[in-house]
Amino acid sequence: MNTYGTLFRLTTFGESHGPGIGGVIDGCPPNIELDQEEIQRELNRRRPGQSKIVTQRKESDCVEFLSGIFEGKTTGTPIAFFIRNHDAKSKDYGHLAHAFRPSHADYTYAVKYGIRDYRGGGRSSARETAARVVAGAIAKQVLRREGIRIWAYVSQVGEIALQKAWHELNPEAVESNEVRCPDAPTAEAMIALIRQVRKEGDTIGGVVSGVIEGVPPGLGEPVFDKLHAELAKAMMSINAVKGFEYGSGFEGAKMRGSQHNDLFYTDETGRIRTRTNYSGGIQGGISNGETIYFRVAFKPVATLMRSQESINEQGEKITIEGKGRHDPCVVPRAVPIVESMAAIVILDFLLRHRAYALD
Amino acid sequence: MNTYGTLFRLTTFGESHGPGIGGVIDGCPPNIELDQEEIQRELNRRRPGQSKIVTQRKESDCVEFLSGIFEGKTTGTPIAFFIRNHDAKSKDYGHLAHAFRPSHADYTYAVKYGIRDYRGGGRSSARETAARVVAGAIAKQVLRREGIRIWAYVSQVGEIALQKAWHELNPEAVESNEVRCPDAPTAEAMIALIRQVRKEGDTIGGVVSGVIEGVPPGLGEPVFDKLHAELAKAMMSINAVKGFEYGSGFEGAKMRGSQHNDLFYTDETGRIRTRTNYSGGIQGGISNGETIYFRVAFKPVATLMRSQESINEQGEKITIEGKGRHDPCVVPRAVPIVESMAAIVILDFLLRHRAYALD
Amino acid sequence: MNTYGTLFRLTTFGESHGPGIGGVIDGCPPNIELDQEEIQRELNRRRPGQSKIVTQRKESDCVEFLSGIFEGKTTGTPIAFFIRNHDAKSKDYGHLAHAFRPSHADYTYAVKYGIRDYRGGGRSSARETAARVVAGAIAKQVLRREGIRIWAYVSQVGEIALQKAWHELNPEAVESNEVRCPDAPTAEAMIALIRQVRKEGDTIGGVVSGVIEGVPPGLGEPVFDKLHAELAKAMMSINAVKGFEYGSGFEGAKMRGSQHNDLFYTDETGRIRTRTNYSGGIQGGISNGETIYFRVAFKPVATLMRSQESINEQGEKITIEGKGRHDPCVVPRAVPIVESMAAIVILDFLLRHRAYALD
Amino acid sequence: MNTYGTLFRLTTFGESHGPGIGGVIDGCPPNIELDQEEIQRELNRRRPGQSKIVTQRKESDCVEFLSGIFEGKTTGTPIAFFIRNHDAKSKDYGHLAHAFRPSHADYTYAVKYGIRDYRGGGRSSARETAARVVAGAIAKQVLRREGIRIWAYVSQVGEIALQKAWHELNPEAVESNEVRCPDAPTAEAMIALIRQVRKEGDTIGGVVSGVIEGVPPGLGEPVFDKLHAELAKAMMSINAVKGFEYGSGFEGAKMRGSQHNDLFYTDETGRIRTRTNYSGGIQGGISNGETIYFRVAFKPVATLMRSQESINEQGEKITIEGKGRHDPCVVPRAVPIVESMAAIVILDFLLRHRAYALD
């Protein structure tokens, strides 16, 4: 349904062209001073219109907190927030009121509910993820106090793939360009490709890579709520995601055990480490203290600035014209969403883990 | 935790070398005549010792039902079951009582709980999945009545990858060979590779592909419980899984929207269909009536028949010898597990979907 | 936490003196035309200042819907709503910033969270129940379509107890007086008592009785989620409630089985009925088609218009003066809250029950 | 459904005349040495045939642990257990195969599921509570380490009510007589009444009172999961329960605020206390450190040793003869069940509370 998490729990609501998008965060630890400007900055990273390679819908995406914060601190009670829609040009969707756009959720929502808010995809719009970014920004602030740092970056756009691993990259460089790839030459090539694709009225897919550093060993719950299983669900719940892998991922399927096994050793500080990290920081579903890293595949955006064949609610053939304002490539804006979902998952597991530490 | 699902809900318990493995299924629809022999047959597909390319541990894996079935039919009350361990050679593990095996869950369980049943990996053993196969076999029987068919097969072992798509394969051929690849020449090559790897005391990874046919449109819950998000979690919760993708998957990240979009049409029977199926049968997290297909990556088994460097609980360097009975490649036995988890997910969504059909 | 329900699910948020009170309803069946004026009317029944025997805080309690409704109908997506606080006189609470009021939640919230919004009780204020009334009003509209009718009334104020059973009363008479007791002479006595108590700067407890008619047999889930167990939890979660009983209740503890057993018979229409209804419409946790009836005990409001001895956060003795605007007796305003929680519980069970009705 | 709890979670299964009754406990803190004999002793307190005033069914009720315990200690993984049925005289129920016994769950289960295990009530039998006692016995052992003590006693049988409050009683005296009332003269009168009732082939109701001492302040979750709301649900989920009250309970409805308010003071040790305890140890749904006390009303057992009029599945009039072995009064055996459910609730809240104590 529209709630995620066990102890740190986010419920989201809202439609693309309704009054706005919002959420309720339940189970946030109390007494934490929130940096509200930082939350807004995170939201700005996801905001439409932030650069020329994303949708030109103009939304200030200002978050208003409705509860749960007193004198700047969390109180342990639900934190509700709301982001009003301002630039919802519903008229742009009038011609789609009875159409099923290809590879959108128009048809499936219509079948499931027998009714749908067709304006901008209604509830199925990726605009819903704004609420995730607010919750993720709060979770990140809590996690930072625990020494946990989460960052993500664009590692692939179409066929252009970054050839470096996460540990060869500088997290500070992610925001240095509009595509959010921390390697300058690759970023340039990606930007050029996205511009080209947009010019053609087309769209293109990509991959976002995520990194979680500083996770203490012990987080994750056997057997169904393995840390990476929950992470997979969280990522796959983001619009347009088609695949998830962590550690060695699909490449691991090609490897031998003798290559893939991460040998343990005790480092100079007495900490137990592994020499390699094909496990991606997780063994048996539980964090082992090494860095968690993963990759998330996004399909190309379904809305094209071209005519497409489709059908209407009566099943009749129609032509859908390319109108509205859309992203030629979703991954640059997906970076803060991926970080946010990772933060929500990790904080939830941290709370769950602490529960069992009886004297 | 150890429970999966919302309305059709499986709780599993048991350790590799304890009294046995079992589970409780809650929310099974009532009044369904169960074919108990078929359940046992499914369990036999996962059973150790079934062929020469899997572990030689000898377990009959006989399932005993403890509740919830009356005169051969489900009653709607919890179905509990138990599979006794017989061939648990715990002595084989004496030398591992204080060792942390590489890429196993020994270390993470020890850190998380401060205690662990080291015999055969205890709770972290893939033996737990026997309980999933029982629940999956029941779910499959319920789904068959609804016209839904689930099957899986081995599509990759190491570098050897099946080059055909699911619709070019014959599901009946899956059981025709011991590696469970429905393409004879590929199967032969895979078997040869697994034998080679075993001879070297090594192990190898692989990929299982899954297919879900006959799902009506409308299953799946926005926004966090998208059908594919739940499927991802279910698959990633299986031991040794490193990646999940559905529909176009990671390849989709390379594509253009104009290629990737699945155009709608109305077929001769009046049913709404799509011309291609890059969406993998799911749009906006909800089934669209097309076939759902997905791929699950498994890493190579961590237990080798070779000596490996590691550490003990004190963090001291030790050498772990290759002993015990293990699979050189896990994917042939993973096929019924993948099918089972898929069945559990789909049945749960089917029940959830029916709930809202008032009047 | 702050979420109630399994398939029909309410999450509430907000504090007494923050921006407002709100909620998110997830799982409302789609395609239902909502009578929004009726929702506001239900809210008015709970509103402060509605008569002379309740608190004189002036809140219009106007509900604004933020999502989930399209062209007047539910869409199946989350229905979020918000009620702004207007007459929050936080200054009235300045003297209480560091005080623990007797029999309030000031102390327990301070201990639990290490921080609290002291203004008007913050999250622990009964103002939170406004959100429940909105959700309950929606649930009642859905249930009415299914032939289920829920009503409640004040059956006791202090020692004055209504001597008639629910079936001797006219539900239409509940709103005929400000105390919401459908028996005119008893109502008059109750009102006189409340006025007297208020004049003395004191408060008084009472009992609300609830009635659920038209529930089909079969709702309720064994063994922990018995219909009456969930009803008990729902009622006990309302501020100031100290007890719950259904059917014969505590009186049943005095009875013999030969008196208490409800004998079955088949009525003229072929419907299975019971001759008596000590079971209160529920057997084995599942509705049997007879009317469900129950009683909910409310303690006297803790805020007095008198000085009281107490302590502050440092544990020092202080005197708390009687200030602010409070109810001398909470039960008249509790009637719609009791109805609402009952409606939420019944609708949730109705949805859960439908889930299992596979072909 | 058949699972209770959030972090400490019990799933039960089994029928009265099937293979047996069992359960799975998930989320038990690890590394706790369990006294298994004490668990069996608790089970013996609930066991049929333990004295002359309870049912004469002969069950040894020996619990077998199937998982989750290693070398006598909990491992943090699921603890499964099973109690085989031995003296299930299903033939005694042959005459009831098609009958609906008055005030039993026969009819409601038949309607809900369209099938039922009629032998001894199947899943609806109070035999299910044996599993709760096992889980409760474990929870009690964990809680004892935290200084929390839970005890219950019979405070009423029919019209005979104990006139003393919990603090006037000696918990050690509960087991001194077969009715489990810690006041000898009252116990005698109760026993005499139960014998009389049994002689008449009748049954009688009663009340069990519960006491929870040593709960630290801060347990309980606003707003829906108030400590007493969850306690109410837990108690109401026990077979035959009709009412629950805590603290002042239904008597509180008659009181004035000036009487009912529990005034705070700081005791000689600096601990914050209340002078009275009408609140029953809970304020705003959160424990305040005072003793929690409550009362649970049980109806008379529905099975009589007399003929009763009823109907069969076809709705035809039949006469049901009094056969089988049943309790004339359920409350003596209900004492450990009440304690167990209280222990499960408190341990769950303790774990949930600890989760949020970051840093």
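Think of it as A, B, C and D in the order they're written, each chain with its own count starting at 1.
Everything below uses one rule, namely that contacts are C-beta pairs under 8 Å (C-beta built on N, C-alpha and C of every residue); 3 or more make two chains touch, one makes a residue touch a chain.
Not measured: the values here are computed from a predicted model.
Repeated interface: A-C and one of C-D, B-D or A-D share more than half of their contact pairs by residue number, and that pair is B-D. Distance between Cα centroids is largest for the pairing of chain A with D.
With centres defined as mean CA coordinates, chain C is found 46 Å away from chain B.
One finds 26 Å separating the Cα centroids of chain A and chain B. Contact of a single residue of chain D with at least two other chains is seen at positions 1-3, 12, 27, 30, 76-77, 112, 123, 222. Partner chain D is touched in their complex by these residues of chain B: 1-3, 9, 11-15, 18-20, 22, 24, 26-27, 30-31, 64-68, 70, 73-80, 82, 112-117, 122-123.
Across the interface of their complex, chain C is touched by residues 1-4, 12, 100, 102-105, 107-109, 111-112, 123-124, 128, 156, 158-159, 197, 202-207, 217-218, 220-226, 228-237, 239, 242-250, 252-266, 270, 272, 274, 278-280, 282-288, 295, 297-304, 306, 308-311, 315-317, 353 of chain D.
On chain D, the positions that touch chain A within their shared complex are 6-7, 27, 29-30, 76-77, 142, 145-146, 222, 350-352, 354-359.
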